[in-house]
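As written, the chain order gives the labels A, B, C, D, E and F, with residue 1 at the start of each chain.
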Amino acid sequence: MKIFKPISEKKAKGKVKKIFNEIKHSRKIKKIPNFWQSLAHNPETLERTWNNLKQIMKKGALDPITKELIYVAVSITNNCEYCIRSHTFAAKKKGATDQMIKEMIDVVGIANQNNKLVNSYQVEIDKIYK
Amino acid sequence: MKIFKPISEKKAKGKVKKIFNEIKHSRKIKKIPNFWQSLAHNPETLERTWNNLKQIMKKGALDPITKELIYVAVSITNNCEYCIRSHTFAAKKKGATDQMIKEMIDVVGIANQNNKLVNSYQVEIDKIYK
Amino acid sequence: MKIFKPISEKKAKGKVKKIFNEIKHSRKIKKIPNFWQSLAHNPETLERTWNNLKQIMKKGALDPITKELIYVAVSITNNCEYCIRSHTFAAKKKGATDQMIKEMIDVVGIANQNNKLVNSYQVEIDKIYK
Amino acid sequence: MKIFKPISEKKAKGKVKKIFNEIKHSRKIKKIPNFWQSLAHNPETLERTWNNLKQIMKKGALDPITKELIYVAVSITNNCEYCIRSHTFAAKKKGATDQMIKEMIDVVGIANQNNKLVNSYQVEIDKIYK
Amino acid sequence: MKIFKPISEKKAKGKVKKIFNEIKHSRKIKKIPNFWQSLAHNPETLERTWNNLKQIMKKGALDPITKELIYVAVSITNNCEYCIRSHTFAAKKKGATDQMIKEMIDVVGIANQNNKLVNSYQVEIDKIYK
Amino acid sequence: MKIFKPISEKKAKGKVKKIFNEIKHSRKIKKIPNFWQSLAHNPETLERTWNNLKQIMKKGALDPITKELIYVAVSITNNCEYCIRSHTFAAKKKGATDQMIKEMIDVVGIANQNNKLVNSYQVEIDKIYK
């Protein structure tokens, strides 16, 4: 099949155009990334996803850099190349250093290993953790 | 089969006993968690895993709380209950608040969703991310 | 290493040739897709996989479009690009509309998110679901 | 650690109480399932997740039974027991027959197998699928 | 919902009964494991799965112990407790030693870690491997 | 972002240079694969990963070919193309035949299928496996 191709800003109308503008303004970017151009095939999904992401990734008890690093850690575990690249980009833009990224990667590596060691031995949960 | 049962501290000898003592001292705990008791079936694996974990989770460019939260984020994505519980425990012990944990969970949720939306549309990587 | 390269129809013999012909006839296609050409390295696997797929994907209590959409939903979750593309193609050929595909994608997205929220909170199963 | 325990309806206040009532009314159920009681720790997440789910799972080009089956297919692939059980329950309530569920399971099985066979042979995408 | 409960041997009829007998005879066991009792809800699936498994797991270029260890390695990676336990049981019955199992576990651990390190760095494939 | 690019041998210094030399000598290769060149961004990670891998993959109760096949089986399940290709290469170099690889693939396929069938039916663990 032809996977849905990205919808360029020129072709954007109505709700899609409005959200595209909000993304560009909010992110201070000039070009809408392909992810949002793809979601534009389904304006409700575009709107929902953008609103959810904005709400979740904003500064809270965790700072935006930490949130981006957690996002990348999940994306590495799921092997989503687009997500790894775009959110490492975002993390760096927000101030993440190379050293921070490398330490995050190490944690992702050992966590994935230990998750499987736990499965291997079917380790019972200690009382203290219940 | 009988999965390898945890090896209690009483039965620990040699290298295993030494590492058990190091774990208790380093973590300021009185009882060796089941994870380490299970790995004790393979003293080399116990030693390697403990040394790697110690090296990776120590304070660096990222603080220990952030590292624990990343560890939990991976464990949620892989659905490792033991790992989720034990490392949320560790995160809290190191100072993570409930609010920090809840925000981490939200990031894990949206990242898992968006990872799959990217797969769905087979989104091409923007030049800016390459 | 060289991963096993597809075996072209010209080189197909015996059981492989017979199944290639059956695939072309049954699917009303002129060229054997690379998936089947790859499996041809192992004629028993080719035969088994083709027979299983034919048996499972045929019209039953679920119509073939629904079955293809479920197949794609799994393939998105596992991030198998070839599988996403070839079975979206099949779904469309059998009558799936763009709107149906977009709604399937939304379900896949929210299911992947909620699966992880359930892991995060280690939600206990309600009595009514047991 | 103590994972966040479900918040019972008696303790629900404000936004949480309002959404709990909406869930009970919309689903025609008398008891709030543990999933929603768990999300109540984070009222914004509860509201967002409920609104998203309602919007996505409603009748559209796909009927609600098909959407539930797709949801279960994803949950089987991710091995989320709570999700498998609660959404099979929902599928049946909406009219899914045992035969439909069994056929969905078969598709999930073969898709997971073939996804990995494709990985094994690193099958190149046929031109027709691009 | 009620997940399909296992179908006991007493209630087995026709094709199911025949396959149950073949499983008991072939495996030299007296009781049909719950896996096969569950698949019995769908006699075609039971038959197909049994025939496929028998064909795949038999001695070939790889000996049956190696095949069982590979099966367990996949099941650990997917965290399927039933599969881990039943196929470790089978591996041991066929002659796998504890040491072999422990070494398999170590390989599964490091492979899962390195798979993610490769994702992290998006490592390009060396010419020699193409 | 720019993902960390591989560090060529010419630019390697200190610990990295030492390990690069050890890898070349131990593997009898002339060029450092991209995986190790990427890890070189983090000399401690490079050292740890190389030492762990060497320790785990060496001949033990399992022969090196079996270990490589298990490694590839995990990598197929996780869909890590680099890992599939580089460790199939290693398996062949150590003596694995095409027939052995094809049988491993079949086991990976059926295990992935059956893992999900077990999830579907939420099969309870038989007493004999506990």
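In the analysis below, a residue touches a chain if its C-beta (ideal position, glycine included) is under 8 Å from a C-beta of that chain, and two chains touch if they have at least 3 such contacts.
The structure presented is a predicted model; accordingly, all values stated were derived computationally and were not measured.
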Could you tell me which chains are in contact with subunit B and with subunit C alike?
-> A, D, E, F
Which chain's mean C-alpha position is the greatest distance from subunit A's?
-> E
Chain whose average C-alpha position is farthest from subunit F's own = D
Same-residue or different-residue interface between subunit B and subunit F, half as cut-off = same
Chain pair with more C-beta contacts, B-E versus E-F = E-F
For subunit C and subunit E, what's the span in angstrom between their mean Cα positions?
-> 21
For subunit A and subunit E, what's the span in angstrom between their mean Cα positions?
-> 34
Where in subunit F do residues touch two or more other chains at once?
-> 1, 3-4, 41, 45, 52, 77-81, 84-85, 89, 105-106, 108-110, 112-115, 117, 119, 121-122, 129-130
Once you've mapped the touching chain pairs, tell me: line, ring, star, complete or other?
-> complete
Please name which positions on subunit C make contact with subunit B in the complex.
-> 76-77, 79, 81, 84-85, 105, 108-110, 112-117, 119-122
Over in the complex, which subunit B residues touch subunit E? Could you list them?
-> 1, 3-4, 41-42, 45, 78-80
Per the touch rule above, subunit E residues touching subunit B in the complex are 79, 84-85, 88-89, 91-92, 98, 102, 105-106, 109
Which bits of subunit C are touching subunit D when the two form their complex?
-> 3-4, 6, 31, 33-35, 38-39, 41, 45, 49, 52-53, 56-57, 60-62, 66-67, 69-71, 73-75, 77-78, 80-83, 85-87, 89, 97, 99-100, 103-104, 106-115, 117-119, 121-126, 128-130
Of all residues in subunit B, those that touch subunit F in their complex = 1-2, 44, 48, 52, 55, 129-130
